[in-house]
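Given below, in the form of structure tokens, are the structures.
What follows is chain A paired twice: with chain B in the first complex and chain C in the second.
Right after this comes the complex of A and B.
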């Protein structure tokens, strides 16, 4: 029998069969050993080949519960998940985005153990229509864990947030969770560009919906909300870990696409006194990480579609995702989980659909890339 | 039976002052609306079993003996025939001045008034010789700033139309509210300079327009546009314009 070249798919299935066979009769310890070994071998080679079968890293599931897990900062570690940027049209018009958000809901419901809560990262509707928002709310009602809602620009600018607030309450709020202070911001306010142009609400929404539409203003948190943030943090000691959920990145990545917060510097200054700050943001539809001073930034994936990396301004620390395969409707999309650790820092897992998940640890960001570097992608954006 | 040869090879002759010079053999179809019908010349039939060649004035003819219909002349023979025809024409119209843009190599231009300072380095004639100096009153390739302005305005308008289609699900014919700019803001990640390339998912070598059509059919859920469709051409124009200056790299995956 002549040695034949094996296709990528054949190799994948052979790998898979081999691993599953080994798993068939093993206890939990052996299972974790195999899982860690496979991950280790792959990471050591510096590869993250999309076609090789690997077990999803299960180590993150081992979260200590109870007093034994309380860290030095007084916080207990916990997990949360996120679903973001679904951009729903009415089901009758567009099935594709509906399928994606339902897939994310299934992912989150399948997590074991269940996360403490699920963050919805904004842009639930595509054009802010009540029917779209209602549909999104109905789909998210199937999530078993409690859902914390955050607003995006696509939800807001049709009626300036009227329907959103009616359905989900105020867009800015904070809460404490197991020793971590969590702040949810409305970071996509825009200075009025529509009145002078006599735009209808629909035209205003369409303008905001266009990423490369230079007519709209840049996003901002705004002075009023910055004041609120100052007041809110006034009672929080500087040793308490802070997690900020925001739709816009809270730093300046690429102005033309509104991957940008105009008053980012002011917001970062308010967060500066705190030892451990993590910002988790939406809007960018890509794997994105940054570290500015004391703040670690993680961008969330979108369920609807991926965006290419901007031509300039991409933070050097970002571990890029391979550019998306347009022939696969789920590629480059996904959801994710995060672990708020005992030491107050946050690790995240990017659950990329149709690809292996990628873990980005806080140590990687805080060390400015010196330790814990995740594998790099094969196919650069161009 | 068309025994008529087109003699308007740009290297040998300048634009004829008379309107018949528009008789290009490149066969534009449909894009240029002519104000009136093009002139049509009747070529007399051959008397000696050869091929009748007619000058673009529609009158001067000569018969090439020994040439069968459909058979090609050698270059030297063709030059000889055209020289004879030009000489005949010059003889009939001694008062008319014939502008030569370039002289042919190895022979005097047929009967032309030696007003020009044209020189010609290589024998091929037609293809660019850098030693040709421009001359006063040269009607051939003599365009002015206003022409360039008009052409640029036309091109930019077409690219703008492509921009509009790119950003509109409705104009694309999409049925699910998805437009190109949703995944490709400013036409990013379209990388038109990498086509043609083998696209395994399409099982063929793809050009940019094939990918555009695929995207229209799939993520946008519209009907594919034919190659002639002004919308497809405008989309291509817009995408290419956004990548101005990027080096071509066909086959890059």
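Right after this comes the complex of A and C.
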């Protein structure tokens, strides 16, 4: 065959043919093992050009490094999914966000095998109204797996969390799951800015709902809750993997948009003694990852809309997503899954709607980007 | 072409259509090349010359002899197992290089799952077939010849042996390629001929080139809707550099969701393909089984591609009916109704498909605009078809769902319409920015 330029399509087919030919006679388990090993080898070399053939099952396969069987810390691997930041208006006012959250519920219900539980990442309502919260609860009741609720600022600041707690219970709690200690924080408390200004509840809620608004305070976990966290972790050995669910990022990314937790340093200090800590947070509506000391941070996607990247403070490790198509209400949005591995680290899959899913492994974050880098657009980090 | 010849062609086309309609099980005779089969001139208003050059592969340059050989092959039914089907059966120049059937019929009167796309302007496609499973015209030509329900040849060697036994082809292949016929050169020749079938020179192209009077007032309104409330431009993108009315991407617009078995088929397809399927198996799945409805997913295996098909160009629509990947919509008004109501809801529906809130008048304007994308050469036949579809559209609109289009239905809630539609009735299009509340 005469040497000719090979199109992306052709290369894709050649890669795919090569992989599939080799696996033609395997049973399913061997197939997954071999493909995992192949994928591992390829990723270890840092060779993951976007057009290379990747089996979709790889994203969901449980056969990963250190995740088969029970690990040294005594934890068994498990999967959970998340839906986050739905920002619902009443059904009569805005159908777009209803359509999106329903799509996320469909996604999660279609997962096979089903996840152990589904995290709701906060901001179920847009303006904290009872009708919005009720609607969200009704939609989430269709989720087959158990749902763990987390609160966001849009749910809280109309009535300071009264309706939320009535419907979903305390905003701060913890539980143990298959050897992992899971903490759910209420990380969007704000110091009182509304009383002096004589704001109505609606005005307070509208203020918190905005960006670039210097009137509202920065998010914080707060001293009382930090004390609670210390007490909660007092009984947890340092070898136990910790997963923290939080709405605000628990680090300082961009102050003006409240992509920020004021007492992040104190919270991180409380988590420092632990070997394996993963924070999964909402609020930022974008592909966002970071590693600070012993803590891996994954930002969740929103179902409602994507935020652009802030003009400064973007963590260098973040696998960026390029800008969303304004005509496509799903672009840049989505939901996701995570695998808590036997070794205590957490891998995540960003299920971007209308785009290919992106897997970000803990090894990538823990190695500070030296291994397992997922395919990413070639943007300069800033 | 003279008016009389035109009439004859129209009558023949109509005759064939009627024959097929009444005797669908009989194999159609392979068409003979007429004036519309000739290579087209590059001197057409709106022809993107640089883009065209870019699409000609370096190992298959255009030469008149190669094009002539390709044309001979294109019309030669001996490329099929029983000598009844040529490329032109499904891609008939007199029918806009389609067969104007919902899905195509191959050897032994077997029907496939997909509507035959037009060869016109196909050289500009970023990938071939509705699911983009082949990157170039050369690669596309390999598949139908060997597909059991299209041309039915058992393997490449049989094709090559058959061609090699024909002295005329021996001579021509030798003259063009310097060797005996082989499969690679066969597809190169066919692709070369296909590359000569370009169709621009429409009233719209002349309008863009500066002729204000080339479009009627109604067509200009349609053009405004195309860019605005209709949201057409977002996928059927046009720009002067790439004037093809497609974004070359794959979108689930809800056509495959007409079938209730759609989602289970997606899971079945994933299971099938994980057992190692090559391009031939995908091709067979695409054409001959129900799995065909998962579309691009068969190629990319990405969940967002389930039920997604390639955005087709919009030129010469009134000679390439019926529409969509399964040919399920008989008139342009049916397609417009489909989009107007926000497609058919399914878990994989593209995020850009939303109810549009277009009125009847606006749909008529859009249809008139689409008529203006017809090349001059095809204008006579297109006008006839436009009149025919217009007449049908006054009384028969199976896809119309005005309540859904206006957002009055189901989960779409009450009140809709307009570019900011889903904010709801009675609200101003721009909300007050909450960030400005209580500001310092």
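As a convention for this text, the second predicted complex is superposed on the first by the 311 of 382 C-alpha atoms of A that agree within 3 Å, B and C clash if a C-alpha of one lies under 4 Å from a C-alpha of the other, contacts with A are read in each partner's own complex, and residues count from 1 in each chain.
We adopt the following convention: contacts are C-beta pairs under 8 Å (C-beta built on N, C-alpha and C of every residue); 3 or more make two chains touch, one makes a residue touch a chain.
Since we're looking at a predicted model, the values are computed, not measured.
In the superposed model, A:353 lies in contact with chain C only, and not with chain B.
In the superposition on chain A, contact of A:371 is made with neither chain B nor chain C. By the document's definition of touching, of the two partners only chain C reaches A:110; chain B does not. Contacts of A:323 after superposition: chain B is touched, whereas chain C is not reached. When the two structures are aligned on the shared chain, A:138 is found in touch with neither chain B nor chain C.
Legend: residue contacts after superposition of the two complexes on their common chain; A:238 is shown touching neither chain B nor chain C.
Once the two complexes are overlaid on the shared chain, A:210 sits against chain B and chain C alike. Contacts of A:331 after superposition: chain C is touched, whereas chain B is not reached.
Contacts of A:98 after superposition: chain C is touched, whereas chain B is not reached. In the superposition on chain A, the residues of chain A contacted by chain B and by chain C overlap at 93-96, 210-212, 327, 329. Across the complex, chain B is touched by residues 89, 93-96, 126, 210-212, 256-257, 305-308, 310-311, 323, 326-327, 329, 379, 381-382 of chain A. Against chain C, in their complex, chain A makes its touches with residues 1-2, 4-5, 7, 9-10, 13, 17, 20-21, 23-24, 28, 31, 55-57, 91-96, 98-99, 102-103, 106-107, 110, 112, 197, 199, 203, 206-207, 209-215, 325, 327-331, 333, 351, 353-357.
Contact residues on chain C toward chain A in their complex (touch as defined above): 57-59, 127, 132, 134-136, 184, 231, 234-235, 267, 270, 274-279, 301-304, 347, 350-352, 354, 407, 411-415, 422-424, 427, 433-440. Per the touch definition, chain B reaches chain A in the complex via residues 167, 175-178, 181-186, 188-189, 191, 194, 201, 211, 214-215, 218-219, 252-253.
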